[in-house]
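First chain written, first letter: the chains are A, B, C and D, and each begins at residue 1.
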Amino acid sequence: MSHNTFGHLFRLTTFGESHGPAIGCVVDGCPPGIAITREEIQTALDRRRPGQSRFTTQRREPDEVRILSGVMEDEAGVTRTTGTPIALLIENVDQRSKDYGAISDRYRPGHADFTYDTKYGLRDPRGGGRSSARETAARVAAGAIAAKVVAGVRIRGALVQIGPHEIDRTAWDWDQVGENPFFCPDPGTVEVWSDYLDSVRKRGSSTGAVVEVVAEGVPPGWGAPIYGKLDQDLASAMMSINAVKGVEIGAGFAAAVLSGEENADEMIPGNDGTPRFASNHAGGVLGGISTGQPVVVRFAVKPTSSILTPRRSITQSGEAVDVSTKGRHDPCVGIRAVPVGEAMLALVLADHALRHRGQVGAPISETGVS
Amino acid sequence: MSHNTFGHLFRLTTFGESHGPAIGCVVDGCPPGIAITREEIQTALDRRRPGQSRFTTQRREPDEVRILSGVMEDEAGVTRTTGTPIALLIENVDQRSKDYGAISDRYRPGHADFTYDTKYGLRDPRGGGRSSARETAARVAAGAIAAKVVAGVRIRGALVQIGPHEIDRTAWDWDQVGENPFFCPDPGTVEVWSDYLDSVRKRGSSTGAVVEVVAEGVPPGWGAPIYGKLDQDLASAMMSINAVKGVEIGAGFAAAVLSGEENADEMIPGNDGTPRFASNHAGGVLGGISTGQPVVVRFAVKPTSSILTPRRSITQSGEAVDVSTKGRHDPCVGIRAVPVGEAMLALVLADHALRHRGQVGAPISETGVS
Amino acid sequence: MSHNTFGHLFRLTTFGESHGPAIGCVVDGCPPGIAITREEIQTALDRRRPGQSRFTTQRREPDEVRILSGVMEDEAGVTRTTGTPIALLIENVDQRSKDYGAISDRYRPGHADFTYDTKYGLRDPRGGGRSSARETAARVAAGAIAAKVVAGVRIRGALVQIGPHEIDRTAWDWDQVGENPFFCPDPGTVEVWSDYLDSVRKRGSSTGAVVEVVAEGVPPGWGAPIYGKLDQDLASAMMSINAVKGVEIGAGFAAAVLSGEENADEMIPGNDGTPRFASNHAGGVLGGISTGQPVVVRFAVKPTSSILTPRRSITQSGEAVDVSTKGRHDPCVGIRAVPVGEAMLALVLADHALRHRGQVGAPISETGVS
Amino acid sequence: MSHNTFGHLFRLTTFGESHGPAIGCVVDGCPPGIAITREEIQTALDRRRPGQSRFTTQRREPDEVRILSGVMEDEAGVTRTTGTPIALLIENVDQRSKDYGAISDRYRPGHADFTYDTKYGLRDPRGGGRSSARETAARVAAGAIAAKVVAGVRIRGALVQIGPHEIDRTAWDWDQVGENPFFCPDPGTVEVWSDYLDSVRKRGSSTGAVVEVVAEGVPPGWGAPIYGKLDQDLASAMMSINAVKGVEIGAGFAAAVLSGEENADEMIPGNDGTPRFASNHAGGVLGGISTGQPVVVRFAVKPTSSILTPRRSITQSGEAVDVSTKGRHDPCVGIRAVPVGEAMLALVLADHALRHRGQVGAPISETGVS
């Protein structure tokens, strides 16, 4: 069962409300002996942290992470995982809950207010409680550990569309991603997005976006058939991110218009005897199992539901009311979803790396598995 | 862990290769007392069965299902579930494995041949073994039981796009879906698709498609936050279907281009005091929990990888080779994915219905839960 | 969630009622390439089969097992697992349900009749339905596969106590176990048990027993801390067997009267540099992880509840009634529990062998896990 | 998969080493609306806390628990669960790791030192790290929440044997349990144990014990057949506690010597139409499902492995060495296992209460489960 836990062998359990004392997580199943520092986790968090440009929420959280368990210094002074659960804690500092007083008895359209209230008979009006995107900080922190587990794999993400404005994929340059506030890999699109988002922000509106995350260096063989498919778990992972409404692997929905000839990724002998592929419509996954090509996942993020323009809604007692949100919010939550998508990709890969190792290889009966 | 099991409280485990003696499944966690007949399951299977038109594979499997356990006649002669696992068995009849001899040592592009071989060190060359779409018969059989568990919910599916040809959504008529070989809800599109698929079939090619499945009558409150989201499990379910490359909920990828104002589903007081929504961009799910609106899921199916046109590939020993497939195959596997998508939707809903009942309600401490 | 599934990476799902058409199971997660024949599984089943002596039930089931999936002949003609789920089917032949007519409306004391009826609102009066020990045939069949997965481990079981009569442990001879109808390792006790059981059987009574199962050759390191303990899973496995009321590891309850000095298993350097233990009070498990010593598990089986002597009970409508059982039953179900205990031990070890391989070893980040 | 998580619908994940900065847990799946205060959790912890008498370790931990998430004050000022994960944190204060310097390179007999080192390639020499009984504080804290979930059930535990000295069960008085440092229900045995433990303690030795935990008021119907048995999960729960080597339900191992007539719990019509049982050899569980009688579980705790008397062992490099432990340790860890056993019983019951609610009841198809 999963309520707040993700993964099977490499497992993430998160906790915490956006306006409670702290958020955090427990990473369970991490193999021992992996070198990881608090600073590496902090660096990942800093990438996601709000308040870094005018295009993301002005809520200021230092997001200082504390490692409570699961690591130990070895004789050489290197902090390494011990194989026990790694608990990470981030205290909440800037939880101005007064911002939310006005909407505590009404359902914000597009938010989880109504569904939480219906399900649980109560909800935390202070900033969305558990449904706040603040929970994703725990994912990013855990993702930094997962990335170390599959250190041979290079995991990167970028924003490829904001509203109607897509990047020029022929101009893709990974080095550009860190050079602008949008994780944009195409320098030519940065100004377009900047202008567009300024106009969105100024009218108190919001916009959707599309994120693409890529893993290079995944060896062939990760994943499992039927209900343990690598792409199935990737779809689950990305759809679990707040505001995500669609996920695709490789060609994705575009595959619907392709012919079999166009879609087939031809295989050719590689120089070193290993096969190469002439294209990657599959996005690195065939039959639920990695091919050795880059794993390519895209997901669509809906526009932030918190907008200034009044929308019709109802109160908890069922009366008609108009709702507009004055709190600090991102005009485009898709921007901050980039590091979250990278983290979820790392988590899925770490889990499948461990699963792969458990499932196959020389029969145990012959090796003894000592 | 899930290799071949789907679901948590309502669980499906499938088994069987396309060219072995039988396929089947075990449905575990089904509540007792639910009336279900073999004929109802058979009817669902017949809808999916190949060989029904020139647009689907000519392999002819009677797909006669046998219930091995988990049901019992009550005093009134009604067959009801007993709460114990329901095993369903479908013997394979028409497994002409000679069709596959020619491709047993070479990797078919777009197929799972290479990845299976890499992972397991062996593969079943007879028709794809476990990766064959034949496994989906077990899903459809189980889905018929799941649908009875959530009998208050109406679950239906349709094909909405074949290759470049989308339906006219304004002409959507559910009654038309059963009147053509495409599960097409728009009578005006049937001839377009028919002509298009004839041309695809005649040149030994194939094409992709998009399926839409809808559940009406889901009460608000099903699903769970964070990693137990209803839409997350739907994404996982649909992506687990063979050849699926993308999944969306509600507006899906189109949400990326919407503004917050456009995307917000405004709420208005209903006649009976319950809320209504003015639109359904959310696809019936907010914050991972059902809203009470129709749950709407779409998924993209890639073109069948088995095509006549030779494609470059390699043999198991790494030599360059051309591959073309002469076996019996669907030019558009998306057609037969419609009942599979319905089944997966039913399975996810049955699971979440049971989960919901376990998670919430009056505190156990007050009711005693006897 | 587990209703009818046992294990995590190596998973067993069973189905079938004692008086339905068939019982069987799906073994999921079995690594590929393991040589296994139908005959080996059949041999394991034959050891458990009833009707083999006057001390076990006279119900005669041929228990012919059929492999439906998951294996394939390799080029050398050896049947090997493929890594896909292995479905096993055993048709029921001798289900004389008329024997049970008399007790269909009354609760047999010590049976699950009342609890099933209370939980599910219905029960299968034909021989206990799912709660019949017949389900254990599926465990034994699956256990034969599990034993091949950990072929380096020697798994054996014996009956060590019937009623008040314990074996003389100093006379333990594994070779004797197959030479008598009791799985008794001490030839001196066979006649004592034989006389005792004859007297029990003649007066229509029954008796309890204690089973001991041992695994030699388990390498150190299997198991996991806290909630993944090897002994925890062994306790769960044995307690899941019908009629089992107690489980112990190593010294077990006797450890309660030992001092720390007596209980400590001293370690001494082994000839080959590996450690040896001077004793095995731990039963091969410390801190939930195997030590390399034999894993020793004992479990207590209560007397068969079906007895001729009338016992007070009630009917479904709550009226007082006397119940005595005239069906074919074992005077001592503990005898047939021996192969079941061996099977459960094999299942737990196979699962932990795979889990161990997934959890530890060289960091994936350094090896690439290709 | 479970490494550090226990339960299915009501789930406990623990983290933390005995000599790290903190220990704690995440309780997931707790229904909303349950009133619980920090003080109630603290009271449970105080009962388990060491340093309360000369018979338990002199390590002094205040064990102040902090609730980080999952609760909220309602309008009436009552703190209630919200349905989101409840994270509990206990900072470590008194972690005198210097006590352990002398044994950091040698394996303590009876401890998990060797197995951890073998499995993980490293271990935390500071007090056993994760294998320390300190982890059980998190279980007790979580158990306090679980007990509120099943508030209609009365859960109590007692120590029934220390070394060779059993209590007189005819003198059992629950009110006495809190009146002595042993959780002893028989006042006549207190002095016997006191004298015995003084002698054990003075010679630096230790002794085993037996704990009995009882749940009254469990309604019939909790549990599930085959691999979801209530007693199976209880066995797993108790065997997961440090130093436990045996578990029994009801008559337990004594059932092995009983006849069917003696063991049968006869049923008689109750005054109010509900059935009563004339005895409780079953310990409240038949066929894995609760009968409505008290659920009775006993478990054996081995003597503390840390003793003053030198025992033979080896170092990490395989050399012979003598080990004696001078740290602060309990002469009888069984005493402090009583509240831990109660907590595990509460956790299992809360999980099964939720599972029961999900699995059965009126078919969803008829009720709609809104």
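Keep in mind that, in the parts below, a residue touches a chain if its C-beta (ideal position, glycine included) is under 8 Å from a C-beta of that chain, and two chains touch if they have at least 3 such contacts.
Bear in mind the structure is a predicted one, so any value in this text is a computation, not a measurement.
S.K.: Looking only at C-beta pairs in contact, point me to the busier pair out of A-B and B-D.
M.R.: Result: the pair with more contacts is A-B.
S.K.: Write down the chain pair in C-D, A-C or B-C that repeats the interface of A-D; the criterion is over half of the contact pairs matching by residue number.
M.R.: B-C
S.K.: Quick one: report the Å distance separating chain B from chain C, using the average Cα coordinate of each chain.
M.R.: Centre-to-centre distance between chain B and chain C: 37 Å.
S.K.: Counting only Cα atoms for the centres, state how far chain B is from chain D in Å.
M.R.: So the centre of chain B lies 44 Å away from the centre of chain D.
S.K.: Can you give the whole-Å distance between the Cα centres of chain A and chain B?
M.R.: Chain A and chain B have C-alpha centres separated by 26 Å.
S.K.: I need the residues of chain C touching at least two other chains; which ones are they?
M.R.: 1, 3-5, 8-9, 14, 29, 32-33, 83-84, 119-121, 130, 220-221, 225, 355-356, 359-360
S.K.: Which part of chain B faces chain D closely enough to touch in the complex?
M.R.: Result: residues 1, 9, 29, 31-34, 83-84, 148-152, 219-222, 225, 350, 353-361, 363-366, 368-370 of chain B touch chain D.
S.K.: Quick check on the complex: what are the chain D residues that touch chain A?
M.R.: Residue positions touching the partner: 1, 3-5, 8-9, 11, 13-17, 20-24, 26, 28-29, 32-33, 66, 68-70, 72, 74, 80, 82-87, 89, 119-124, 129-130.
S.K.: Inside the complex, what are the residues of chain A that reach chain B?
M.R.: 1-6, 8-9, 14, 107, 109-112, 114-116, 118-121, 130-131, 135, 161, 163-164, 200, 205-210, 220-221, 223-229, 231-236, 238-240, 242, 245-269, 273-275, 278, 281-283, 285-292, 300-307, 309, 311-314, 318-320, 334, 355-356, 359-360
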